[in-house]
Amino acid sequence: MTLAARRRLAILGVLSPPLLWTLVFMFVPYAIMFTYSFYTRKFPTFVPDFQLGNYLALFADPQYYQVLLRTLKIATAVSISALLLAYPLAYFLAFKVRSASLRTMLYLAVIVPLWVSYLLRAYTWKTILGSEGVLNSFLVWIGILDEPTPLFLYNQLSMVLTLTYIFIPFMVMPIYAALEKIPRSLIDASKDLGVGRAQTFLLVTLPLSAPGVLAGLTLTFCLTFGDFVAPFLVGGPNGSMIANVVQSQFGTALNWPLGAALSIAMLVIVLTIVSIGDRLERAGRLDLG
Amino acid sequence: MTSIVEVESLTKVFAGGVTAVDDVSLQVGEGEFVTLLGPSGCGKTTILRIIAGFESPDRGRVLLGGRDVTDDPPYKRAVNTVFQDYALFPHMTVAQNVGYGLRIAGVPRADIGRQVEDALRMVELLDKIDSRPAQLSGGQRQRVALARAIIRRPKVLLLDEPLSALDVKLREAMQVELKHLHQRLGISFILVTHDQKEALVMSDRVVVIDRGRIVQCGSPAELYDRPATPYVASFVGTSNLVPAIIVASDANGVVAEAGGHRLWARLGSRRFAPGAHVLIAIRPEKVVTVPAGGVVPDAFNRIEARVIEHLFHGHGLRTEFDIGCVEPFMVDIQLPAALAEVGLAAPGASVTLAVDPANLTVFPADRQP
Amino acid sequence: MTASAATPAGIASTRPARRRRPIDLPGRTLALASILVLAFLYLPIVVLVVFSFNDNTVTTLPLRGFTWGWYERLFANADMRAAIGNSFYVAGSATVLTLAIGVPAAFALDRAAFPGKAAFRRLVLLPLALPGIITGISMLNLFRVLGFNLSLETVILGHGTALVAIVVTQVYARLQRFNRRLEEASTDLGARPWQTFLYIVLPNIRAALIGSGLLTFTLSFDEIPVTFFLTGRDNTLPMYIYSTLRRGITPEINAIGTIIVVASLGIIILSVSLLRDPERRPAG
């Protein structure tokens, strides 16, 4: 056997398991879901069909498109808030902390909450914001409020707050990584040319950290978009997002075709965001080597 | 001499249409030290890697000890390689690195220990036996790489620019050490380098490669004194390459005209017709300066020149002259006394130069250099 | 202070006046902002831990008194204990699965050129940004078509699919930095491909394997959206907590939360100490 043939055989051997896995557990399921989205619901299950009714419902029925718009709005709000809170922290870690061991410790301190159960961290906001919760009792205790208010919980604000909290570490990580890669010499050169601190930041640091910002925004937006836990915990009656609607189609509403169609719609939206992010990143890619 | 390594009509084309190796055939004898010499990208490393088995040729064969090993993977070939960046395993100690080949071959542990010590003693690094590569200097890592490659007693040792990462002083010392190691081991060495000085010092035979093809193959002295092309003349050592036109030609030599001078060259095997464009190669150290009022030696060529500048090289002086051609004409002289005691002609001054016709090599000018 | 004898008369003392360091207002503000964000990050965790010891069924201030009671209730809860065991089983199996699938995938992406490589790469990495609900639902459909009953095993398959991307990205990044010459040196010295992989490649990508394995384990342990759609009769811990929350809040949840915080800290310290990469040590 020639060297080249030997190599090809080895590649085939190594590639087969993951290729097979991807085919069976990723490609085929999406294909099935796509097919289901055209089926018709027939109580208690559904029958094969080819009709666009499920997709039309998404656009025609306010019940669905309002939720979709609400979800997009919340996802945007969370992404921006998380960015505004995470960037200063990432910047501080990358540039202002001199000691390497302190920097590692602080970075780990940011990452640790990620490893603590997401469900629990979201749940604690419920306990903090609730009528019988920490915030209310604290405010009553120090006299700002006369009695607990239900205003803190079960609305879109509490959802944005909770989700922003969850995603701050997700934002810090890529931004910190991008900031760390910027050679200090570039910043020194800018200052050497007489450019002030604020302008150096705007003209040099910020653009060079853009890939990290983009990565964080994409991740935060997509994952917030598809979340159903936060609405369940702190959302309240008007706080459901598109994922909750999908969830109920596979649960009590027993409308799998509609659920499939909504899932495909979500998939398309997420893929679009990811490719936009990819394209922006590639367009602005700079070689810092 | 039986050939221990032979490559036949080796051709390798990389993706993008780059022909790295173009129909190369070569034989290396038992115990020979052969150097593949050429600039970066000329294909010499590719040839080495094909011999080692890391690359497959598109055409041609590789034979080791007479056996066709073209389709054999590296672990089946009785050759070992010393890599340019040494490629020491960072997670193992020196002892484990050196003994790796034996361990793979199933040699008993006690024997491995003994052979590792012998190998390290041969490269004079026994005291670092338990260190890790990260703790060693460049020169020390190179010795470990050597020990690791020779411990399995291969028939051929391949060395890929082994000294290029070392600084000059260390490099010169290692050149001599490698030569001694070769003599002690008695196996064939194939070394790849772009440094012609290295090639001259260490090799029994040098193969000059340019753009994938062998340009000349011979002993260091042959290459230096009888270069086959202007390329070899200027790559191995330094040469002035003077463009000239043949004026007359007979059985003994040719007369050529360059920059207003008439130069007579004693001929080798080539014949030239009058009117032919040629390049005349003259080594700087073969030119003598005739002191003012002195006599040009018998039959020597005489060149009137004007000083451009002097360049002090410590042991010698290189002077650039204007002889009426486009390129400056370089002359090297040894300095028997201190520079201050040598009377230097000022820039612009006229000096008479002389060179023996036997030290002129004439090449056709339309041949690719 | 008197001028020294060497100082010529009329020339002032050459000792410079002490320079006042200017107050770095933007820098100080940044530091303050960072500390506030960090505090914000830890506020819920602190609340969790504090109230797990608080002798009160509702999380109100002021605190009532120290108690181990919630922890006791926690350990007495058989369902909770079963759920924890299930979570370990699922997370462990999912980690093994992602490593078994992800490492070859990373190698194939790093070294081989094959038709459909770009599509394969996209598909494998998709679950990183894709909400878990879509992975969960799509695999639910698959199992329905195949006629599989939902169980812990379907959950494991779901986690494996969703989390393999983590192993692939980490190992791939490590392989890109890996010095191929080391592998060539190994084959040059007589090692067959499996020996080169075992003795040379694996030890040097150890950090990536351990890091991604730990991350996969943790994410699997805590996974909700995929698990939600693929769970059968047996619950994992997050599923158990989720269904408990449906019925109302009990402070035992604070207790289990605190234990998870402590365990996570332990894992992080473990991973940091294990993640020493031999090739990253500076050259001598």
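Order of writing sets the chain letters: A, B and C. Residues in each chain are counted from 1.
Operating definition for what follows: a contact is a pair of C-beta atoms (placed from the backbone, for glycine too) under 8 Å apart; a residue touches a chain by one contact, two chains touch by 3 or more.
None of these values were measured; they are calculated from a predicted model.
Student: Taking a step as a move to a touching chain, how many steps at least join chain B to chain C?
Tutor: When the steps are counted carefully, the minimum from chain B to chain C is 1.
Student: Between A-B and A-C, name the chain pair that shares the greater number of C-beta pairs in contact.
Tutor: Between A-B and A-C, the larger count of C-beta pairs in contact belongs to A-C.
Student: What is the chain whose Cα centre is as far as it gets from that of chain A?
Tutor: It is B.
Student: Which chain, with its centre taken as the mean C-alpha position, is closest to the global C-alpha centre?
Tutor: C
Student: Could you tell me the distance, in whole angstrom, between the mean C-alpha positions of chain B and chain C?
Tutor: 55
Student: Suppose each chain is reduced to the average of its Cα coordinates; what separation in Å results between chain A and chain B?
Tutor: 60
Student: Take the average of all CA coordinates in chain A, do the same for chain C, and state the distance between these two points in whole angstrom.
Tutor: Once rounded, the distance between the two centres reads 16 Å.
Student: Find every residue in chain A that makes contact with two or more other chains and list them.
Tutor: Residues of chain A never touch two or more of the other chains.
Student: Got the chain B residues that touch at least 2 other chains?
Tutor: Answer for chain B, listing residues that touch two or more other chains: 53, 73.
Student: Would you pull the chain A residues touching chain B in the complex into a rising list?
Tutor: Going through chain A, the ones touching chain B are 1-4, 6.
Student: Spell out the residues on chain C that touch chain A in their complex, using ranges where they run on.
Tutor: The contact residues of chain C facing chain A are 26-27, 30-31, 33-34, 37-38, 40-45, 47-48, 51, 58-62, 100-102, 104-105, 107-108, 111-112, 114, 120, 123-124, 126-134, 137-142, 145, 157, 160-161, 164, 193, 218, 222, 224-225, 228-229, 238, 241-242, 245, 249, 253, 256-257, 260-261, 264-265, 267-268, 272.
Student: Going by the contact rule set out above, which residues of chain C touch chain B in the complex?
Tutor: Chain C residues touching chain B: 179, 181-182, 184-192, 195, 199-200, 203-204, 278-279, 281-284.
Student: Inside the complex, what are the residues of chain A that reach chain C?
Tutor: Against chain C, the touching part of chain A is residues 10-11, 14-15, 17-19, 21-22, 24-30, 32-33, 36, 85-86, 88-89, 91-93, 96, 106, 108-113, 115-121, 123-128, 130, 132-134, 136-138, 141, 165, 168-169, 197-198, 218-219, 222-223, 225-229, 233, 243, 246-247, 250, 256, 259-260, 263, 266-267, 270, 273-274.
Student: Mind listing the chain B positions that touch chain A in their complex?
Tutor: Checking each residue of chain B against chain A gives 53, 56, 71-73.
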